[in-house]
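To keep things simple, chains are lettered A, B, C and D as they appear, and every chain counts its residues starting from 1.
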Amino acid sequence: MTLPSLLRRAWSNLFKKPATVQYPFKKLIPPTTYRGRHVLVNERCTGCGLCAKVCPAFAITMVPAEGRALRVIDLSKCIFCYQCESVCPRGAIRRGRDYELATWRKDELVLR
Amino acid sequence: MAEDYVKLIEVLREGLRERFLRYEYDAKRRALKVLVERDALPKAFELINEISRGEYHFTTITGADLGEDDVELTYFLWLIPQKLRVMIKASAPKRDSKVQSLVNVVPATILYEREVYEMLGVRFEGHPRLEKLFLPEDWPENVHPLRRE
Amino acid sequence: MIVTGAVTRQAAERIKRVYEQTPDPKFVMAVGACACGGGVFQNCYGVLGGVDKVIPVDVYVPGCPPRPDAIIYGVAKLIEKVTRGG
Amino acid sequence: MTTTNVIVGPIHPALHEPERFVFKVDGEVVVDVEPRIGYVHRGIEKAMSERTFTQGLYLVERVCGICNVAHTLTAVQAIEDAFGIEPPKRAKYLRTIVHELNRIHSHLLILGVACELIGFDTMFMLIWRDRETVMDMVEMITGNRVMSAYNIIGGVRRNISDHEVSELRKALDTITEKVRQYREMFAEDPTIRARFVGVGRLSRAKALALGAVGPTARGSGVKVDVRVEEPYAAFDEVPLNVVVYEEEDSWARFMVRVDETLESIRIVKECLSKMPPGPVKVPVPEVAPRSSEGFSVIEAPRGELIHHVYTREGEDKPLRYRIRTPTYANIPSVCEMLKGGYIADIPAALVSIDPCFSCTDRVALVDVRTGKKISIDLRMLARRY
């Protein structure tokens, strides 16, 4: 790389926008395909337990609620693979894009 | 191209005689599976060294305890000029699992033999340092995590 | 102190020691599913589970792996906790 | 001859996971090397035979975060081989695309780290900035920046839309331009040449005998590339040039990586235009349909990766699962290339195999004669000498 071309590049970089984003003040939007926090549709869940069986991180447990079994996802164990979404026959677990999941307390991470 | 494996089989069969057990060939993947007696392994690899003039890549050794009395060892090779995937299989009984080490014939086996030893307890005779590789130092002797017991 | 990855039996003692050696004020962030609750490595013979089994954790950042922004969000959460006096 | 032992690691000789080397040194020259690995031994092979095939897929994905696509690809291919399933053609192309994107980001990562280790921080920042573009593309296609969870037994998780294809093409064009510049830099820049040329020599004969794989072997003139020799996924229809350098040193290994990145970009583009329409997955049985064994060998970013699986009919768990990662195969070679070199060259040679076992970057120097321990950061080692 020759010196003049180097200088030109350095000069042009001076006026470019920075490659980084000031994150907490300016939100980044992940693509629509992003695997974030699950959206649970409890009315559609039949309590079949397929998701709990298939979960590779053992994050889904079936608990009794309103006279039937209902899945509960522990996000602190979840690896966001969405195998549960693909296996659910009734679409009771849906894809969400929320990635701001950090909390102070672990029990806040349990999705019902 | 297809003759390459025939030639290899002939050489192995001639060199190993009755210690050569059987073979299978998958034409689609160009993969050759050869089953030999365990004491024939060094000889088999010497023959392969000769045929390929050292132009092969030694991939790995898999040791598998399939719940029977034997540990099955699979040596994976890739012969570069012949473009042939070779799997040499041999089995060692669990109780007396002594196998001749191949370090002198194939230097690349040095770590794999140690791994098979610590995971399955197969003793490789003549290995320069047959000791633990992955497991912590305080791991009990004679406990091999991948054995089905 | 930021802890990532599963806590193995070998590492547990070391994490405790590092935590005790850290001068106050100290805060612990568990980043990633493995550090939060064990993730896929649960029920493996060498893995204990989340970091909170060994040392107290202030902020959990789930995700496998979390986006960089999610980690920064975790730091923002921590700052919030510190300014409020935890 | 009096020699001193220099212990490098266990926490981080160069990159991601812990690993320890004990170097016997005579003055400044390394005489002998002895590796000790297993600090992150999590018992994955054992855990694999306690999980179902689907669950196991997510476990192998986490063997290594950087080449996760390579691991899932090998796993699904090995299991498909054992099951006797053939995935649809479009799925094969999509697998190839994600696999190659993974290679691009992995190679850019190590090129950046190499620059940082020799103190060339500007280059590191630039390369990693462009790596972000690739990460964003992976996120767009698969749903996560790193853990793609894309390959499943019998196909891939989701199809790619036309919009995504055009976005991907655009991104690849910008990357190509950048990587060409980096290639020029790596080939000519005096800083880089001074630090890498002639360092960490590994002769062709040794590379063959010790079973070196991937760029490590190709940098020593061994023409092995699984993608050409045992074409998997769509590589039987997408031709590629194997990059081989004869210089046998660290520099050659990096040049192999830069050229391969360009080659990978070309492959992704070719796949995008050749990709046939059709389904992306076929239904698969949950339990093994037959007692069999399957294996799959692929060219991961760091070299040849092999998974070997035994199944038993009617069981939903593998009987035995064996993984051999490329860095593991390269350990005997790296020991060889460090012998005869200087202590100062350890980082430059270690990083050139793109080690996937080291996590922080700490090095401990132990003087056996005095018993004194000096623990320093690898970057410090890189700078100090």
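Observations on the model:
Following the convention adopted for this analysis, a contact is a pair of C-beta atoms (placed from the backbone, for glycine too) under 8 Å apart; a residue touches a chain by one contact, two chains touch by 3 or more.
The model shown is predicted, which means the values in this text are computed figures rather than measured ones.
Across the two candidate interfaces, A-D and B-D, the one carrying more C-beta contacts is B-D.
Averaging the CA coordinates per chain and comparing them to the mean over all protein CA atoms picks out D as nearest. Subunit B and subunit C, compared by their mean Cα positions, are separated by 43 Å.
Rounded to whole angstrom units, the spacing between the C-alpha centres of subunit A and subunit D is 26. For this pair, subunit B with subunit D, the centres built from the Cα atoms lie 25 Å apart.
Those residues of subunit D in touch with two or more other chains are numbered 41, 43, 46, 58-59, 62, 144, 147.
In subunit C, 10, 39-40, 43, 45, 64, 67 are the positions where the chain touches two or more neighbouring chains simultaneously. Residue positions 136, 145 of subunit B are each in touch with at least two other chains.
All chain pairs that touch, listed by label, are A-C, A-D, B-D, C-D. Partner subunit B is touched in their complex by these residues of subunit D: 36-38, 41, 43, 45-46, 205, 208-211, 213, 217, 222-224, 229-230, 295, 297, 304, 306, 308, 310, 319-320, 322, 324, 328-329, 331-332. Interface residues of subunit A facing subunit C in the complex, by the touch rule stated above, are 23-24, 28, 30, 56-59, 74-81, 99-106, 109. The part of subunit C that touches subunit D in the complex is made up of residues 6, 8, 10, 39-41, 43-47, 64-65, 67. The touching residues of subunit A, counted against subunit D in their complex, run 1, 19, 30-31, 33-35, 54-57, 79-83, 86. Put simply, subunit D touches subunit A in their complex at residues 51-52, 54-59, 62, 129, 132, 136, 139-144, 147, 149, 157-158, 181, 184-185, 188-189.
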